[in-house]
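Take a look at the structure set out below.
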């Protein structure tokens, strides 16, 4: 069953057709990768899914409900979490606080005037946050300012923050971009582990073929704003069209 | 204790002790001595110190936590003041309804201004708030004169209707009171050459300030407070974490507007008069300066900043040439003249100069404001472990 | 009709003052990323350059005139400017009369110097600091500067008249076929408008057509990249600060005959010029100029008696009202770039 | 703890309770209950001089302060005695006030009512001032006057020209020596009619706040009574610095006279702008265009420079007056400071002396006694001719000067020439005149 259904989505920026006629279906509990050369429209598509952009045409259904016209925070509350290319965390806050915020968002919704009771008294939330940190091996950094962590740790924290909301769909935007090989492998392992332990669907945009082929169960290749092929990794590897349009170019990108 | 952790409770107790003992602490010099000029323990200034403390505490909830720099907060103080004085003119000289109404009206006005201004961020937000405040000032000073008294402001008169109070004897000045306790009532304690004044109004204002301070600690330590700091840190992440930052910032804006209204109401309760200059942009700027000077985002910083500025304004501005000559009278004539000439430009009518220099020195050398200065001194002497991770964010300078 | 033409003329003149100040403010903001609250003070110092220069020209020695008495009944002391001794009375008077235009020559190096000192001594250390800190430190500096001026010149305005040749006003009405005296405009204000146009044009040309300007523009767009190219952008920014200070100062010099300078004239303009800059859009030079003229014209229209009868008090709030409307309809002002000072 | 309704320096009635819990030896003030705020107990008496020291009126404030210092010197027997020699009342001995040496404290009003009240309060509460005086605007005067009424001290207003100070906002503890808008109008109108004729069309520019309103009303009603027509009256914001947009349309309106109801910086700028527009070189309705400035001050005239030449206005006092009082004052002020005093300095000096004299005559610092001594007090020799401090509204009634900007000034102080000394009868009005209506003095408040 498809949890995310993208139908006939198109988006123009002035004279530029960023997305042509995108149809995409992400099956529940799968890992689905979207690849494509630079300018293929991957990020535009992603932004259409999370409410940052509104497509000109077509529909985006998540779990049977349309996400179009909803604000990012509403879409998030529906169960879609997003990991950014460069980790977006609360740099001025401590690691623990970074973890607490999604926990509160999960429990209290988009806004709650929760101004009197101290955080110290929220034992359930604190417990959950610390548990997540432990799981992500960040617990010894809990009092650290998030901005002062290493990039790898920031990435882990961001993923942990997304997971704390128990999303049904996790969107990853080039999660290993700019990472050293060791960090990349750690992230792959982390994502694999997440997949094993949770009922979660993962959609990933990635340049790095190593990452894609290690994780993905299905792959969609995007070129010039339209999907070229959609298939299993094994089939994609050998697909002549893909080689021609894409893989040649990725060698320098990766 | 009181829902606070040990450290915060300690801070609250220290502040409570300081405010309660302010009549002693602010009057360290004996009457008649040359240094008595520096005594600040008289009712009016003590009242102003705590009232502007409230104003700055409230401003800090908005600016210190969310990073939204409002340049129009004096408008809420002014609106609160006008609301309070009209309650005193129409209803009763009892300060309770005046203060309550001033909070409510300022809150409503802040809701309106915030709802519009928060559509923009950064400097665009600052200018929007400034525009609203300047319009309020300009209108209050001119076309709204029938409501605001314009240039001459409003004072209660014995001819006002005041439906809850009995009619005053002709010629009696109406006095602000709390169920009969006159705000201006004072007792004096004479100890040797020292005179300490205990003023009813001051203690009421101080208690309100303590409550306001306590509330601000609770807000800082609450999930709401954390969300506000999240707004400042990364709005993008906040939105993608399912949180709607608008109502959070609007709530912070309204709360700080209500604090400003409370300060405005208290000003009227202590000194029953309102003038439109209270809303001029320099007054809005002043609270920004108080907050940054003390340390934005810290709990106690704004109170310290407010205290410093008001102290300068009221004490340093009163040091005239005669006073200087009196100080240095014991020195040989030439040196006396030299000292007087050197110091004179910085005191009395030159107090603005000293203020400007202090602003510059603090920002240049203490980016975190006076609180950072205190921490440095503490580290120097106390060898206490610096509290880097203190969740009040005192470590990170304000944006 | 004639009333409308007159107010447009007025608005252009008013706007040229706003535009000049906003231009300097935007130059500093756009190149250095610094919010300079001391910019109004620079304008004020410019005006006081004119005051000082005319004081300097009238430096006098006293001659006791036994025939006249002063207010206490003592023999009067007559002040004779040294310049009379040098050039004779007629030439001396002519030079004194032209003090304001002449002081332009003096004020350029003075203002550039002040700009250099400010940038190297203070502002430089605040590039990486939060905007709030920049505001506080420059505000402190503005207070210090104006208090220093007040200490030496007092709080009263000091009359600094334009040369006699520019006294009176030009009758546009008669020229355009209206009744005489319906559209008159003072010569000096026309001079001011022309002067502002020249300065604005010169700044734009400088940024557009010189290599220096191109580097600075590139730096405004992306400081790091330009730095990577090995160009010493800091030095250029210092020069830019000097230019901005000179623009503000010259605006002040020429403004001195319009309103007698006083020590707080900078603060009076500060808030207004920030509104102009923001309405124009942070970091946009054409925006600043456009907004300056737009607000000037609107302010002039709002002060017409007919308009005031219709909406009492509109002249008090027009600028702020327009600012609110523009910022709500155009999120980044008229011509602002995305992401500049929105955090 | 029980609170006694005393402010500082007054005696505590029941303060003993306050010290009950303290182990240190405590003493109550030894003096007896004197029944009013800040009753002077020692050998000195403290006066509070509350003048603008920062902001646009700082120079005027500085001149006021000079006058006060001079007054204190004279009261304490120093200097040449100044106006004490010419003052019709001879109660002052030059030995302070009631034998107590006069001391003073100063404060900065910033020309803001809040700041003025704060500094007045600090003088009352901290320094024990028994009288507050000074100020350079009506907003401040009204605010501080109301404060002094509440606190139970006397307020001797400085420069305040609005009708409201002794009109709708008058207070029993407050007194004004300075003249007001009504008097300006009443004094100016006949002179204007005389000089410019009775069929003038006037265009008013009015500062958009209380003082502007009362001045416009006063000048309008008295000039209209002379036959002038008011073509238009436009309000200008207080914060306006460039008045071109208001002045440019004046000629189009068909007006031949421009009345600038502005003061301070506003007046300097609007007058400078008007002259720049060349209005005074124009002919309208076959008449020379004229400009009028209802309230003149020499300090402001100095700011406007040559632009004041030939322009009519009114003033409270001018140093070129030749009566004995004025001469004495100019002499002692000029000798001490090297330049002639401004009208602000004069009114402040006189107010300080009048207060001291009233205390001497009343034999008490008690505000109610002082009020009684000042009410309906007639005096002379203070530079304005015979003067009455009217009991009904605490306003001084005296001759008003109509002045004109001098064409050929002989010195930097010689900017105005006296055109006419309007006799007091012509500027006197009923206490319940419509322009003054709506207020009530109440009764004097001695405070504690």
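Letters are used for the chains, namely A, B, C and D, taken in the order the chains are written, and counting of residues starts over at 1 for each.
To be clear about the criterion, a residue touches a chain if its C-beta (ideal position, glycine included) is under 8 Å from a C-beta of that chain, and two chains touch if they have at least 3 such contacts.
Source: prediction; values computed, not measured.
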Original post:
Which neighbours does chain A have in common with chain B?
Top reply: none
Original post:
Through how few touching steps can chain A be joined to chain C?
Top reply: 2
**OP:** From the Cα centroids, identify the chain that ends up most central relative to all protein Cα atoms.
**Re:** B
Original post:
With chain centres defined as C-alpha means, what is the inter-centre distance between chain B and chain D in Å?
Top reply: 32
**OP:** Averaging only over C-alpha atoms, locate the centres of chain B and chain C and give their separation in whole Å.
**Re:** 34
**OP:** Mind checking the centre-to-centre distance between chain A and chain D? Centres are C-alpha means, answer in whole Å.
**Re:** 74
Subject >> chain D: positions in contact with at least two other chains >> reply: 54, 58, 62, 208, 235, 237, 239
Original post:
chain C: which residues touch two or more other chains?
Top reply: 312-313, 316
Original post:
Counting only residues that touch at least 2 other chains, which ones in chain A make the list?
Top reply: none
Original post:
According to the definition of touch, which chains form touching pairs?
Top reply: A-B, B-C, B-D, C-D
Subject >> Residues of chain B defined as touching chain D within the complex >> reply: 39, 42-45, 48, 138, 141-143, 145, 149-153, 155, 157-159, 170-173, 175, 181-182, 184-192, 195, 197-198, 200, 267, 271-273, 275, 277-278, 313-314, 317-318, 320, 322, 348-349, 351-352
Original post:
Which bits of chain C are touching chain B when the two form their complex?
Top reply: 35, 122, 125, 129-133, 135-137, 139-144, 147-148, 151, 267, 271, 274-275, 278-279, 282, 312-313, 316-317, 320-321, 323-324, 327-328, 331-333, 341-343
Subject >> For the chain C and chain D complex, residues of the former touching the latter >> reply: 2-3, 6-7, 9-11, 13-14, 17, 68, 70-72, 76, 150, 154-159, 161-162, 167-169, 181-182, 184-186, 188-189, 257-260, 262, 264-265, 268-269, 299-300, 303-305, 308, 312-313, 315-316
Subject >> Residue numbers on chain B that touch chain A, as the complex places them >> reply: 3-5, 218-219, 221-227, 229-230, 232-234, 236-244, 247-248, 251, 255, 388-389, 391, 393, 395-396
**OP:** Can you check the complex and tell me which residues of chain A touch chain B?
**Re:** 50, 71-74, 76-77, 81-82, 84, 88-94, 97, 100-102, 104-106, 108-122, 143-145, 161, 165
